[in-house]
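The following pair of complexes shares a single chain, chain A, combined with chain B in the former and chain C in the latter.
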Partner chain A sequence: MKADRKQILEKLTEIILFADETARERCPVMDENTRILEDLGFTSVAMLYMAVSIEEAFNVRLDDVNVWDLHTLGDAVRLIERKMA
Partner chain B sequence: MRWWPAACRFGDLVRVQTGSVWHYGVYLSDDEVIQFGPPPRGELTPPGQIRVCSTNIEDFAGGDTVEVALLSPLEKLRRLSPKRTAEKARARLGEGGYDLLHNNCEHFAMDCVFGRPSSGQAEAALSVKGRPAEVWLSRIPETLPDRAVVPDEREREILETRDPVLKRQRRWDWEVLSRLVQSRFSTGLGSLGLEKNQHGKWVSPRLFVSLAHSGDWVAAAALEEPVGVDIELWPGGDRAGRKALSARMLTRKERGRYASPELPETLALWTRKECLFKRMDGSSFEPGKIEAGDPTVRTFVLAGVGFVSVSTRSGRPVRLRLWDGGEVRDADVREWSMP
Partner chain C sequence: MIYTGSADAFRKYTSPETFAGIVDDGDLCRMWQRCAKAYAERTAVVYDGASVTFAGLDSQAAGLRGAVAAAGCGLQDRVAVLCGNSIDFVRAFLAVVTAGCTAVVLPPHLDAGAVYGCCRLFGVKALVCQEALLPKCEVLKTQAPDIPVLTPDSAAAEAVSVREVSSADPCVIMFTGGTTGKSKGALLSHAAVTQGVMNGCYGIREIFGQRYLLALPLSHVFGLIRNLLTSLYTGSTLMICKSNQDLFRDIASFRPTVLVLVPALAEMALALSRKFGRNMLGADMRTVICGAAAVPQFLVEEYSKLGIDLFPGYGLTESANLVSGNPEPMNKPGSVGLPFPNQELRLVDGELWLRGRNMLTAYVGTEEKAWTEDQWFRTGDLARVDEDGFLYITGRTKEIIILDNAENISPAELEARFNELPCIQDSQVFEAAAEDGKHILALEVVLRASEAAKLGDDPKGTALQMLWEINRRQRPAEQVARIVIRDQDFERSPSMKIVRYKR
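What follows is the complex of A and B.
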């Protein structure tokens, strides 16, 4: 599945809102600068869940990736882009 | 040796009390007292920037009384000559590598005077191995104190946090840490010189601290040795999701041992890995490379809440305390053992 950055970000946002529908209230605008910890309040365990969701949604493997190094949604978008290329 | 506020002489080992610790130096003259770092007063120098330096006796004293080591006859025989002490001290000017427990001002001064580094203060701190490490747990109250925290960097960090849950967690865990430090070390957070290192971890040249939060619970630790703490509340999630988590977070050895861990085990293992990572001050958290069975970790079940894990470098016993904003009492926990 090929997707551009905008589509990847939209899909990521869907994943986040599915997991936590209140995220939109806390962070009305989710863009590539949105910080995963400070703005979305993701815990380290939540990052694990997100990694699994990303793998399923984008049909990629993140085994060789340390998802805890992702600090912004932009970091996640770039990672997914790289994996899908 | 004994200490006395006597007149200083060339080559003397000297010290001055700053708060609850002693700062040591080598006296050569009123204009030349060589020390490893400035006395820890006011704004503290980050450990990475501490250097062996020369100052005058007034700055060394900082208004307090300077004491001189009165050596026993045997110590006088053992010590280096004052001339050799001066040569050694001057030769080390500009040197770094400061470490609170293994290479501090006392180690430096003793090495210059006796030819061998030692620190009674550090040894006392390290000898607390038998004494339980006290970790405080606290549930975030409805109303949080309305006051800025110190240092400024932490206050800014809290203000810039947009997620309201995380904001409350950060404000309260700092409050808990502050009370814990005051209770255990009779000092405020402002005197610890806390700052964030390059990995985003709060560090101090005087104590090791660790914070954790989950839901409306926070945990805080402050010790004389490296420590890491983690707390995780029972999450939701289906079994299939938990299996996927386990596959990702377990080491190869653990996957062989925990074929399909139930949720409690998964959470417990998770807290053990996180607290280890926090203690070891790594740059990148990779749970698949951290063995949860490390013997320095103690894990506890907080009834009705979740798991708390604590790792100290010495692997000493841990005492969990519950603070409700007023009293502190022992937490109702039971220790959890690795299967």
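What follows is the complex of A and C.
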């Protein structure tokens, strides 16, 4: 079943909060414009965590992607959407 | 009092046959010749779908060794190695060292100006650079055309055999911020490096014929010595992870038995395992070596539940990696273990001083000296040793807080007591001014989300109660007067260390 962008973003938000609970305090509302480094304050370990979690949760492979190229949650959603297509 | 490490202290943790296998080659040239012969047909390194046996690596290194010699580099000449984590690095490092030269290991993230600057600063006679990094040699080629640039594929028509060196000869120069944070090179002898390689074997049940996965930079002693060289020394196979992003995929396909990790990555693997309900480190993982930052006891215990031994250790670039390792992390929580053989240590006003075979010969590229006239190296770390000889790192000398009453307080030592609560991820004790202007001790903490969730309806309130309770049990001079639970993580350095509040 093809997930829509809203569902992907919801699942992604859940992953992010598991990676770093304090992200919610820094950024109470997460949407596609949320910036991963500036708004969520992600560290290098949290970035790695997010990449691995996306692969596990969405059953996709990101081996041809550099996660550091993802600037916003929208970038991540589009990537997941493309990978799942 | 001087504490001296001994091999005997580690004997009981390993089978007699395995323990007898930890032999002293004296220098890296002899070590490599013995290993290349003893394990010839075994796979030595796997990287990006390619693999090479010990014999294959030996023959590749021999070709490049010839090219290094043909470039006019002989005994004790300095040759830089500029390669990312790859088989190229292994080949280049072995070729340079077995040519009798001193390998100057340059971090691959340096830019072209810095590569040139380092070659000048360290008096480099030639450079071996990976094909992909050649643009970083452009400044060098223009400014110093007399310094030849080779690639790991370079080979001479004439084979050159492994040079004979003595233990005291220089082996490698590694980058370090040292105890003062100023960038420089630490020159390590063959004796120091081989001691560091052997130290990786003590106190661990299964040592030889393992499957190692490398996720640390080879330009750091923890990656180079404890990971790569100990893997080669033990006839193990090393899979070099191409990118940390592939770490868990590589674990699933390669099924490593040993992993050398920094605590932040070890904790991430644990969190992922919980989240997805399976052991992300794979069913074959038995041993995790954890260091380069303080290892929380929580990690030791959680890994133990997965059937994995997590061994905390302590070391520096200046000590050719490991000074000590804790073979009993469950019985000796918080300890970085027993000193390894040929390591002497003493405590001077609480500061840890080191001397021994593994210690650096000198700093290069700086006038700085960190040791005393009788060769004691001052680490800048505060430590204590318990009645069984186990070492504990309790803080840094420069982090000492001197209170109004002249009491010296080590914040790290106090923090460790609060960090014992599983719900505390990290903490910082610092000196603050109270409303009346008097100096007080204050504590800030960040909660560990997964554990805090178990604390009921008011996790912050419950955690605060637990923290005040611990505080109450401290001696009066060490009690904090204020406790705050932070909503955000502390500011962190690139190596994930907390950036301490400036006083």
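The rule we apply is simple: the second predicted complex is superposed on the first by the 84 of 85 C-alpha atoms of A that agree within 3 Å, B and C clash if a C-alpha of one lies under 4 Å from a C-alpha of the other, contacts with A are read in each partner's own complex, and residues count from 1 in each chain.
One rule holds in what follows: a residue touches a chain if its C-beta (ideal position, glycine included) is under 8 Å from a C-beta of that chain, and two chains touch if they have at least 3 such contacts.
Keep in mind that what you see is a predicted model, and the values were worked out from it rather than measured.
Look at chain A after the overlay: chain B and chain C clash there. Of the two partner chains placed by the overlay, only chain B lies in contact with A:37; chain C stays clear of it. Look at A:18: by the touch rule set out above, it reaches chain C but stays clear of chain B. In the superposition on chain A, contact of A:27 is made with chain B only, not with chain C. By the touch criterion defined above, A:45 reaches both chain B and chain C.
When chain B and chain C are set side by side, the one touching more residues of chain A is C. Only one of the stretches 189-197, 207-215, 369-377 or 441-449 belonging to chain C has C-alpha atoms clashing with chain B in the superposition, and it is 207-215.
Once the two complexes are overlaid on chain A, the chain A residues touched by chain B in the first and by chain C in the second are 26, 41, 43-45, 48-49, 51-52, 63, 66.
Against chain A, the residues of chain C that register as touching in their complex are 244-249, 264-265, 268, 271-272, 275-276, 280, 446-447, 449, 452, 486-489, 492, 494, 496. Those residues of chain A that touch chain B in the shared complex are 26-27, 35, 37-41, 43-45, 48-49, 51-52, 63, 66, 68-69. Taken in their complex, chain A has these residues touching chain C: 18-22, 25-26, 41, 43-45, 48-49, 51-53, 55-57, 61-63, 66-67. Chain contact summary for the complex, chain B toward chain A: residues 160-166, 214, 232, 235, 237, 241, 244-245, 248-249, 270, 274, 284-286.
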